[in-house]
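Below you'll find the structures, each written out as C-alpha cells.
Two complexes are shown next, each including chain A; its partner changes from chain B in the first to chain C in the second.
Let's turn to the complex of A and B:
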C-alpha cells in the first residue's frame, strides 16, 4: 500500500511474551478440544470395527448358547430384559418424578420445604448407583422377599431415575415464564387447567429430554441390577418374578468369565448404538426447547 | 405476584375445596401424594443404609478395626472384615483420575466456551454428551482390551489390571462431566466483563485467565466437585480394571479393589445380617456420606453464585 515501511516495522517487532503465551494457550485449547471430539469417535469406531462382524439378525434375537455360555448364540433376551427393566422403572419414576415436579413448582413454589426436597433429590441423584443396589438388595430382594427378579430390579432402577426426573421436571416448569400463569388466572381458569393445557405443554420438551437422559443412564448402569435383577441366562422369557438378562451385565459376564471377546464387542456396540439412538430421539425435543 | 404469594401450599387446596373444583382437588392431591411418597422414599433410602451400617460400627474400636486395623479376610478364622484396602484404592483411583481429568477438562471447557468457533462448538457438545453417555461397563471393557494388554507389554506386569489403568479410564469418564459443567460456568460470565477487559487491549488468554475464569471460579469448583462425586461412585469400570485384589495397594501399578467393586463382589455371598453384610453397608454408607458432603459443597457454591448474580 502507500506506506510499505509501516508494515515492515510492525511485522519486524518481536511479539511480546503475553502474545506468545496467548498463541500457545490457543493452540493447546484446540488440541484438547479436538481430542475431546476424537475420543468418543475413536471409541465408537473401535467398537464398530471389532463388533460389526458378529452383528446379525440372529445375534440380536437369539439367546446365548455354546460352551462356555455366551460363546455362541446371541443377546436377544438381554435386549428384552434391559427394555423391560427400564420400562418397569419408568412406571415407578415417571408418575413420582413428574407429579412431584408439578407440585414443587406449581403448588409449593414459595414453601420452605422446596429447597429441602430439591437438595435431597440432588444428593440422591448424585450418590453412586451401587448404593441403590445395596438398598434394593436388602429391602426388596431380601426383606420383601422379591428375590432376584425383574420386579426388584425395575423398582431399584425406578428409584435411580426418580430424582433425575424430579429435578428435570421442576427445572423445566421453572423455566416457563410466570406471565403464563398470571394470564391464565386472569382469564379465570383453574390452576389444574393451566397446568394441563399451558404449563405442561410448554415444559414438555425439557421434561422429555431429561426422561430420555435418565432412561439411557439406567439402561447402561449395571451396578444396581447386578445385585437385584440380573442373571446369566433366562430361558423362560420375561416375567416380573423371574430374573432377567440385561445388556450391561451380560457384557460384564462375557468379560469377567473370559467367555468370548467377539461377542463382548458385539454386545458393547449394541449397547452404545442403542444409547445413541435414544439420544437421537431426544434431539428434536431439545431443539424445540431452546 | 398474586399467583405465587399463596401463604402455604395448602391454600390452593382450601380454595378448590370451597369452590368444589374436583379436577383441581384431584390434581393437588395426587401431586401432593407423589411428593410425599417420593421425598420420604429418598429419606428412607439414606436412613436405611445408615441403619444397616450401624451394627458394623457400634463402638469406636470397632470403627477403627473396620476402617484401618483389620484386613479383609472373610475366610480366616475368625473372619475379619476391614475395608482399609477398599478406601485406599478408591482414594488412589479418584485422586489420580481427577489429577488427569481436571486440567484437560478445564482446557476443553475454555475451548468450548471462549475459543471454538460456533460450528466446532456445536459439534463438540454432542461429542461430550456421547462420551458422558457411554455406559461404565463399556468403558471397563474398552480399557480391558486396550490399556490392560498395553500395560502388560510395556511394564512386564503379570496382569495389567491395576490402580493406574482404572484411574486412566476413570479420567476419560469424568472428563465430559467436568468439561460441560465448567463450560457452562464460563459461558454464564456476563459479556460486558469480557468486553471491558478486551477494550484495555490485553490478549484473549489474559481476559480468560484473569477475568472470566476468576468470575466463574465457584462454578468451576462445583464442576470439579461433580467430577469427584462421579469418580468416587463409579463401579463397573473399576470393578473390571482395578484387579479386585483385597491387599492394600502400595503402588499405582498394584491391583486394588475400590469400595464400589468390593460391594458388588461380596454382596451376593454375604449372609443377610452377618458381620460381612453390615461391613459392606458401612462401606456403602461411607461412600454415601462423602457424596452427600460433596453435594452440600456444590449446593453452597451454587447459592453463592445466585447471590452474586442477583
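Let's turn to the complex of A and C:
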C-alpha cells in the first residue's frame, strides 16, 4: 500500500514470506552447524572403530616390530619424534612469527612495505608442504650438511609454521583497538612497554589459537619431514643430529607399503587424539584474562 | 626538552614574547606568563588541514574550556599540546610552536614521552587496560619509577581516594578494571594520569560517554583538582564549560574565533560568530 507523501510505492512484504525465509535460514544454519560438528566427530569415530583395538600401553611406547616392519610393535619413537620436531619447530617459528607480526603492526605499520611483506607471508603459508621439504633438503640437509636429522626437520617445520604465526599475530594485533596504543603512549611509556603489558595480552587469545593451529598443521605434515628428518626405525633416543620417526611418515609407510591397516588406523587415531589433546591443553592459554 | 623536575615547578614562568598572529583578545592584557602557549600553529591529518594560525595561552592552575561545534579542531588542539597528535596516523603539526614553561614542545631535542608524562590526557571514551584496577592505576608510574609493593599499594590507595573511587573499589583492587561502570572507568583513567604527577591535565570531552551522575562526579573532581593542576577541557556542552572553567576558547572551522574569561565569552561575546554559537544558532 502506498504511504501518503512518498513518491515511491512501498509495498509491505507479506508476513508469511518473511516467516518462511526466516525459518529456512534458521534450518540451513542448523544443518550446516550440525555438519560442522558431525564431520570431525565422524572421522574420529571412524578411526576409533578401526584403530582402537590396537591401542595399548605397548603400542604407545614400544618401537615398530614384525615383518614387514610395523606389522607389530608400536609407535613410541614416532610419538617422541613428532613431539620433538614440533617443539623444535616452535622454537624457530614463535620468535620469528610473533616478532615479525609485532614488527609489522607496531613498528612498521605506516611503511609501504607492510602490504608486500603480508602478501609474501600469505604466499608462503599457501605453499604446498612438499616444497618446504625440498627446500629444507637442499638448504639444510645438503648445503649446510645437517644430514637428515631432527635439527633439519625442526627448522623446516619452523619455516612451515612461521608464516601462519606471523599472519595470525599481525591480524590479532590489528584487531586490538587503536585507542589502547594512544592511551598507553599518552602516559609517557615506551612502545615496547605498551606492547608487552597491553597489546600482547589483548592479542594473546588470537595468537595462541593460531600457534595451536600451526603446531597441529606441522605435526600432521609428512612432506616437510620426509626428506629432512624422518626414518622408518630408530633404536636410540631422540637427538638433534640423528633422524627420527614421525607419526605422519610412519602412517604413510604403513599404508603405502600395505604393512598393516589396523596399525595405520591406530597411528592415525593417536595423531588425531594427540592434536585434540594439544588443543584442549591450549584452551587456558586462549582465555582472555581480563 | 628534558623532563621538568618538581623543584623547577616552583620557578617563575618565563615571560613570553608577543604572539605573531594574535588577534585583539578581549582578555587584556594578553597573559605574558602562561604555562602553555601555542604560537601560530597549523595542524594536518594527512593533507587535510585541521587547525590554522592558532595562537593562544593557557594560564597556570586555571581551568580553560575549549568549545566549538563538532569537527572544529578542539581535540586536535589538545592532542597537539602533549604530542599525542602524532600518534594518530597522519596527524602532525605543520607550522608554529607549542611552549611549555618556555620550552618548545616540538624542538628537535624534545622527548615526546617526557612531555606526555608532564601533560597528561583523559580521552573521550575511558580506555581501561586488560589488567586489574590497581595495575591500571599504576601502569604508567611503574614504568617511570621503581616502587616497593607497599609503596605501590599506598600510591594506588592515595590516587583512588583522590578521584573518589577508593570506597567503591577498595575490595576489588585485583579485579579486572573492565568490570567497573563507565563513570568509574573514567575516574580510574584520571587516577592513572595523576599517578604520573603531571602539571597539566588535558580532558577531551571526558563526560560525553557518561550519565549525569558520573558527569557530576567528574565536574566535582575538576573543581577540586584545579587547585593543583592546570586543566584544559574540551567540551561540546556549553553548560558544562560555564560550570567548570574560568577561561574559554571558541573554535570554528579550525580557527580560534574568540578567547576570554568564561563569563565574558558566554555572556558578552565580542565576535558575532561566538554569539551565534552560544545562542545555539550554529553548532
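We adopt the following convention: the second predicted complex is superposed on the first by the 241 of 290 C-alpha atoms of A that agree within 3 Å, B and C clash if a C-alpha of one lies under 4 Å from a C-alpha of the other, contacts with A are read in each partner's own complex, and residues count from 1 in each chain.
Simple rule for what comes next: a contact is a pair of C-beta atoms (placed from the backbone, for glycine too) under 8 Å apart; a residue touches a chain by one contact, two chains touch by 3 or more.
This is a predicted model, so every value here is computed, not measured.
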| item | value |
| --- | --- |
| Which superposed partner A:127 touches (first chain B, second chain C, both, neither) | first |
| Partner chain in contact with A:175 - chain B first, chain C second, else both or neither | neither |
| First, second, both or neither for A:198, with chain B first and chain C second | second |
| Chain C versus chain B, contacts on chain A by residue | B |
| Which superposed partner A:40 touches (first chain B, second chain C, both, neither) | first |
| Partner chain in contact with A:49 - chain B first, chain C second, else both or neither | neither |
| First (chain B), second (chain C), both or neither touched by A:189 | second |
| Partner chain(s) touched by A:28 [first = chain B, second = chain C, both, neither] | first |
| Touched partner set for A:110, first chain B, second chain C, both or neither | both |
| Partner chain in contact with A:65 - chain B first, chain C second, else both or neither | neither |
| Shared chain A contacts, counted only where both chain B and chain C touch the same residue | 109-110, 181-182, 185, 190, 193 |
| Chain C partner contacts - residues on chain A that touch it in the complex | 109-110, 177, 179-190, 193, 197-198, 201-202, 288-290 |
| Residues on chain B engaged by chain A in the complex (per definition of touch) | 2-6, 8-9, 12, 16, 21, 23-24, 26-28, 30-35, 37-39, 41-43, 45-46, 48-49, 52, 104, 107-108, 110-112, 115-116, 120, 123-124, 127-131, 133-138, 140-142, 144-146, 172, 175-176, 179, 202-206, 208, 226, 229, 232-236, 239-240, 260, 263-264, 267-268, 272, 280-281, 284, 287-288, 291-292, 294-295, 298-299 |
| Footprint of chain A on chain C - complex, ascending | 82, 84, 87-89, 113-118, 120-121, 123, 125, 127, 129-132, 139-140, 143-144, 176-178, 189, 192-193, 196 |
| Contacting residues of chain A [partner chain B, same complex] | 18-19, 21-22, 25-26, 28-30, 32-33, 35-37, 39-41, 43-44, 46-47, 95-100, 102-104, 106-111, 113, 117, 119-124, 126-135, 137-139, 142, 159, 162-163, 166, 178, 181-182, 185, 190-193, 195-196, 216-217, 219-223, 226-227, 248-249, 251-252, 255-256, 261, 264, 268, 271-272, 275-276, 279 |
